[in-house]
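For reference, the structure I am asking about is given below.
A, B and C are the chain letters, set down in written order, and residue numbers restart from 1 in every chain.
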Amino acid sequence: MTAPLLSVKNLTIDYIGETNDFRAVDNVSFDVAPGEVFGLAGESGCGKSTIAFAISRLHKPPALIRKHSAILLDGRNVLDLDQKDLADFRWREVAMVFQSAMNSLNPVLRIEQQFYDVLRTHKRITRAQARDRTAEMLRLVDISPDRMRDYPHQFSGGMRQRIVIAICLALDPRLIVMDEPTTALDVVVQREILQRINELRRKLGFAVLFITHDLGLMVQFCDRIGIMLGGKLVEQGTADAIYRTPEHDYTKKLWASFPSLHGGVLR
Amino acid sequence: MAFLLRRLCFYLAAFVAAATINFFLPRLMPGDPVQIMFSSAGAELPPESLQALKLTFGFVDGPLWQQYLTYLGSIFSGDLGRSIKYFPLPVTTVLGNALVWTVGLMGTATIVSFALGTFLGILAAWRRGSLFDVIVSVGAIFATSVPAVVTSLIVVFTFGFTLGWFPTGYSADPALDPAFTFEYLGSVLYHGILPMLTLCAVLTGGFAVTMRNNMINLLGEDYIVMARAKGLSDTRVMLWYAARNALLPTVSSLAIAIGTVLGGSLVTEVVFNYPGLGNILYQAILARDYPVIQGQLLIMTATMLIANFVVDVSYVLLDPRLKRA
Amino acid sequence: MKTSSFPLIHNRKAMVGALIVAFILAVAIAAPLLTSYDPSARVGRPHQAPSLEHWLGTTRIGQDVFARLVYGARTSLAVGFGAGLLITIVGTALGIIAGYRGGKIDEIISFFTNMVLVVPNLPLLLVLAAFIGQASPWVIALILGCTSWAWGARVTRAETLSVKQKDYVKSAEMMGEPRWRIMTFEIFPNLISIVGINFIGSVIFAIITQATLEFLGLGDPKVVSWGTMLYAAQKASALSVGAWWDILTPCFALAFLGIGLSLLNFAVDEIANPRLRTGNRLGRWSALIRSGEGRL
């Protein structure tokens, strides 16, 4: 295996209460190779979103990342970045798609402006250049560039999620974290979006950390999968191995509770 | 556009409701309504003037609905009757002269305190739990819970009477002629600054708390988190993602707050002996000058409705989701 | 979870607020024990400065200011709580009915609510009070109750709309419980924090407004209350003749009571909506960051 793009090591995250703490992520380690799709599965509240937030250092008090944790991107520890480097690192190297497609876009700013915000922050770029780049990105996700002056509420849920993905791609990041990106969408739209992501991934070569509670979807979409339970990563392996020869009891139970799969593998 | 049109119709209905209260009140009182309305005039009014006043207020021979229509007719033709205290000046003239001062005082105070309060609220919410947040929140509690009349009296006592820094009455030096000279305008500013600041002290806290709470309720939204993940600067996220959205509910609560602003400016004017509506009204109450008392309700209501409409328009401008509806 | 059963006790704002209000209440009840002067009688020379004999001086006509202060507390509190209760009852009832019944009933109630909200309150009260003449505190309380319920009704309605969707309401409906029972026993108990905020807010509003109306000369000047104290002092030009005790006494009393009640109100608000809380809950977190146990 080549050197990993993302390497999470002994990640432990607590939520600090007034008297006692809640351990949301407990000593989790995993690697994601360049261009790979790595899935994190588990029931809600198992800590998978907490990991996603930690990678871009989005946590706020009372969350606390314990010492000895490390999140290495290309060998650089994200947790050591100062404010300026962190601002630089965000989105340029790791972009993120959030749980609810409907609410990820600022309702009072035009789509164009929300692209421009990213481009302007990270690149020296003129309005006109930014507009060209925006049009290019929108075309990638099949949205007509002349709609860039519209507001988010003028798009459907699926379109909004595609716009978010387009914004993710604007800086050619190495890794995109997708936190339940399709949960709020209906099945058909869900499939379309995942297919699109896959095509783009082949074309552009970014890696994906894919987070969902939907195991069926995960097996179709991911190269490798980690299963989480109560903040711990209890099992990881190739999608095939997790599907055919699960080792941990919890993984077996998950499959037992799951109706048999329909449809081919998305890859 | 349809939204604004609907609001306009509603405001018209509200104005008619205020007029209806004016119409029925003297008629619901025990005794002769004409007697009640013009009692303080005594025998001083010439009979034909009294006759004209009766007509204005709908005291005509005929069924109640006819009287009502007569009254509405005179209001919508801009005739609010004549003041009894300042007879023969029409109520509109008496109130109109005062309204200029009140709107000036109220307008500047509202703009200043809304801007300041909103700004403090944004910062407090952004640094929630910090010392700054505690100071703003607790300060706002103190400022909003003290009646405007009390704040005004304490301010006028301290800065007017005790320290003597500011005048304690009038809108300008009475020795000066009203004109667009530096001297006169400077005097207007000097006389207006203390009542204006008092009103700001009364209002700022409320705006700050509203904005703070609206902001805090928004900070968990996905688009805020995404803005941070995009690597935008803190200021950019705070102002263009959080505050810009929190401003919407704050602006709509401004509409309700305007009532408080009006009430506050009435008492502040009385305390500062400032020649606005509040003061005219105070004099009218002491003299039981009912046409003026009734007229102020209509003028105040109209002011409030216009202010509400301005808020509606700015809301439509601020929220792209409303533009098409 | 011991902390959540008596949340008010663990909230510093609530405790300070409750102490202030309790103190004023105690003073009002114990008024005859605290002073031997009759608050309305002329007991000294006019406008005497505070002294051992008259702790807070005398008014323009020689009444004892301290006696008026402690007896006036009775009126201000009684009107405040009386009118506050009335405002809350009307607002809550209309809000629940509009929110729960929906349809035409909701439209009518909401229309009136919005209308009352855009007619400026104080000018309306001035007109009403002016026609009634020298209104006694009880009449003031009554007209406050009739004109100031709109804000509470709007907030309660909004909250009712969300409670209405809850399963226990649905199941009560299925079981065929009568509407009034659902409104009183299923919905009302779940609105208790909104009702509490509405009540305290209304009490503050009533106290302030009563004082304002009386200050503007629309009250009965023979009644002893903080508002009539302000009125009499203003009319006697207490400030320009230097009799600050005459006018500042009711000022500080009103401010003190207002602050006490507001602290209570904010505390209830924070408990109902924990996100709004200020203060030290991050103490342990900051300590851990400082000791290098972790970071963000």
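Throughout what follows, a contact is a pair of C-beta atoms (placed from the backbone, for glycine too) under 8 Å apart; a residue touches a chain by one contact, two chains touch by 3 or more.
Fair warning: this is a prediction, and the values are worked out from it, not measured in the lab.
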| item | value |
| --- | --- |
| Longest centre-to-centre distance from chain B, chain (CA-based) | A |
| Pair with more cross-chain C-beta pairs in contact, given B-C and A-B | B-C |
| Whole-Å separation of chain centres (CA-atom averages), chain A against chain B | 51 |
| Distance between the centres, which are taken as Cα means, of chain C and chain B, whole angstrom | 22 |
| Sites on chain A at which at least two other chains make contact | 61 |
| Touching two or more other chains - residue numbers and ranges from chain B | 129 |
| Two or more partner chains touched - positions in chain C | 281-282 |
| Interfacial residue positions of chain B with respect to chain A in the complex | 129, 221-223, 225-233, 236, 240-241, 244-245, 248, 318-321 |
| Partner chain C, residues of chain B touching it in the complex | 10-11, 13-14, 17-18, 21-22, 25-26, 29, 36, 128-129, 133-134, 137, 141-142, 144-150, 153-154, 156-157, 160-161, 168, 212-213, 216-217, 255-256, 258-259, 262-263, 266-267, 270-271, 281-282, 285-286, 288, 290, 293-294, 296-297, 300-301, 303-305, 308 |
| Chain C contact footprint on chain A (complex, rising order) | 14, 16-18, 57, 59-67, 69, 79 |
| Chain B-touching residues of chain A, taken from the complex the two chains share | 53, 56, 58, 61, 86-92, 95-96, 98-100, 103-109, 117-118, 121-122, 151, 153, 164, 167 |
| List of chain C residues in touch with chain A within their complex | 281-286, 288-289, 292-296 |
